[in-house]
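We just call them A, B and C in the order they show up, numbering each chain from 1.
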């Protein structure tokens, strides 16, 4: 059975919905409210399941009709750089985890420096200076502005106390 | 950094006790567990700057509404007990516990102070056929269970009409409207017939958009002397909503002491007293010890009420 | 009303409000002009700054962003042929050819002046209609709100280019996200997967910020190859000199076009959920249909620019009407604004204008004054704008993401929001990669809780489910939502018969 992106997506939605519906079955009704906490979720997730299944069937039908599809259509323009996307997400995840330990200023400095260096890899010392200035400025100016002038609290570091 | 060292460092972080400077050395968050613009919010908004003035740090209000006020209560309960997260609370903390809406109760917190007390007023939509208690009573007897009441389920706005139901021997139908602000939209549009409100809504009554049926005080209010008390109408219900400040259980005593003294000074500030007067609310200050006793008494009272009303779930 | 408006304007031109409004307008113009940064993104970046300001200061800044963004988007559309944001796509059709023909100044200023006129026409309706609409909104009971939300969702799903089913699935997934965590009526935990912080429900602003920020930025990142400057070849010193009298004359000589395009923008703005990206295309399409020389559209004629730009600014006024009269967000930008209002302790809804007249008229005034400010900003700054919009993305993106983190964290000072940000970022990017449209998804997340609460309220008020159909407004709204889906199906069929394959990889939101 051949499926395209849509068919797989539909199948994932359908399967996920079934799991969630199964999870709503254990919810108890509350005497104060005529419909229980599971009533609306079951409707919404049910709709989601039906639509996901429709997507899957549609795609299956299309793929069979189309027969052996031509090998992946050539894309215009440059190929997509998924490694970079992956790295961006990874750096952000490290940032999110490190924030409560390192505190806003240190974590943000490291994050901005890392991301900037990732997106525009420095090739000479001058570039590294640029990266450092951007990171320093972002981390300290935002901190100064938000904590001192806008009374917005930023995460504090458990290790650093900053 | 090797993996081993990272794990070691991580372990340290978990056990490291941060060194405290003199409290408070950073801004304090006060959780208001209701939507913005509601009556609780209206009372703590003017209070926060006064507390800020005396505690010596910024006090930020965070509206964490939802689930009959229990979402905010839960969030503050789970916050570190360091005096940087406070909960603005009223009697709902007892009632939602006993009606089974919430798992959080007052003994998950340390009392700091009680600041205000607002009498409840039974309020009707302008679209109802009747405008006074007699009409309401007759209609309720003729159509039992058909008069709709907007209420935060399991909370004070549910208890108050339920007490009237019991005292007058009538039956209402409850519809979930969380907080006073959405209830006002619904009652002005006539989508519910009755609700619990208070004298803060006086302006709308004067403009003919709302009808006050009766007030749940011992004596008529000097702000609105033409609104009868429930007692004089033969319905023996006196009910008010009391608002105070709590901190998560385990907050150090010196921090609590600092908060208590700042709270006491804040409650005496003329600008706070003024804004409470505008909202027909009495400033009712109690310190830690007295508030703790009062909470205990109020808790028993709410349990008894819940039992009487057939809402007790524990 | 005019006295209130006059005092609103007198209020807003004080320095303490004028400064945030001006800064907001400037950031909006720049953000709108930057390709790959939409207005939603810009408003998200501005959000944390508004926490510490007075409510009107914060709202003025956001309104400035909104107005500035709608206008700023035309700069790159005209000069580079790259729309600065989805609602300026139609501007490229005629703006870029005109610029290429050697009249970049004319193209640009036609667009700017058309934006200003369209926006000010919108202001008339904003000031005049919000009050009466709010009175009408008061008549909306739970049934009507429920049906209105259903209509919004079905319309936005039907507008999706690629596939109706995928639009509906995206909307449904958004709704499913909101049922996770707890039920909004009694607060009982449900579907928490045992994760404790989910017990409070999924906070919608971090989801919105995460989905938009990552889906947008990552879609740019994946096209970046190690420091290559996409704008290397751009000539940054174009001559933009033009006679303003002539340009204004050109616009005012076509009053019907201007009025009709602004009207389309307004109506689409008032309808919840359909944003400027639909307004400018529809206005352009209409202008072409009613034109005596439709074949000239696309070759660089002024009508195309005027239609597109006047409609997208009027659209802002329409969205503001909806948020102020009904208290429901018409799009992601107003959803963020609504979030900012709530943080300041203000409940939007039918009673908003009555209870906060100073704030409401301040917002009207901010909207009007923002147009003047945007004009001044562009008058002085347009010659540098091309330099600004070609700022390296490698520097821009981390800063934008840091501001998103601050915004999400500061909503209620919890790290959980940042984790939600990350997870929804991954999720949003995944949806884009699977070709799901984001607009219906976001709308589902925004409206989900409200749909459920109103459904429960309706049933608690009266257990007769037929009331959803028999109450006239509610029934009408539900019929309209069925019709909108039917219309979408019919249109897709027709397109397929014509053999036009729907664009598969065109992800725009």
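Following the convention adopted for this analysis, a contact is a pair of C-beta atoms (placed from the backbone, for glycine too) under 8 Å apart; a residue touches a chain by one contact, two chains touch by 3 or more.
The structure presented is a predicted model; accordingly, all values stated were derived computationally and were not measured.
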{"item": "Chain nearest the overall C-alpha centroid of the shown protein atoms", "value": "C"}
{"item": "Taking each chain's C-alpha mean as its centre, the one farthest from subunit A", "value": "B"}
{"item": "Inter-chain pair with the most contacting C-beta pairs", "value": "A-C"}
{"item": "Inter-chain centre distance, subunit B versus subunit C - centres from mean C-alpha coordinates, in Å", "value": "36"}
{"item": "Centre-of-Cα separation between subunit C and subunit A, whole angstrom", "value": "21"}
{"item": "Set of subunit A residues in contact with two or more other chains", "value": "30, 32-33, 151, 153"}
{"item": "Of all residues in subunit C, the ones touching two or more other chains", "value": "183, 185-186, 188, 413, 456, 460"}
{"item": "Subunit B, residues touching no fewer than two other chains", "value": "29, 60, 153-154, 174, 176"}
{"item": "Residue numbers on subunit B that touch subunit A, as the complex places them", "value": "9, 12-13, 16, 18-19, 26-27, 29, 58, 60, 99-100, 153-154, 174, 176, 311"}
{"item": "Sites on subunit C touched by subunit B in the complex", "value": "138-142, 182-188, 199-201, 341-347, 349-351, 355, 412-414, 453, 456-457, 460-461"}
{"item": "For the subunit C and subunit A complex, residues of the former touching the latter", "value": "48-49, 51-53, 163, 165-166, 168-169, 172-173, 175-176, 179, 183, 185-186, 188, 190-191, 214, 217-218, 221-227, 392-395, 397-399, 401-403, 405-406, 409-410, 413, 415, 418-419, 421-422, 425-426, 429, 434-436, 448, 451-452, 455-456, 459-460, 463"}
{"item": "Residues on subunit A engaged by subunit B in the complex (per definition of touch)", "value": "30, 32-33, 101, 151, 153, 156, 158-159, 161"}
{"item": "Contacting residues of subunit A [partner subunit C, same complex]", "value": "5-6, 8-10, 13, 17, 20, 23-24, 27-28, 30, 32-35, 37-38, 40-41, 44-45, 47-48, 51-52, 54-55, 58, 77-78, 80-82, 84-85, 88-89, 92-93, 95-96, 99-100, 108, 111-112, 115-116, 118-121, 134-135, 138, 142, 145-146, 149-155"}
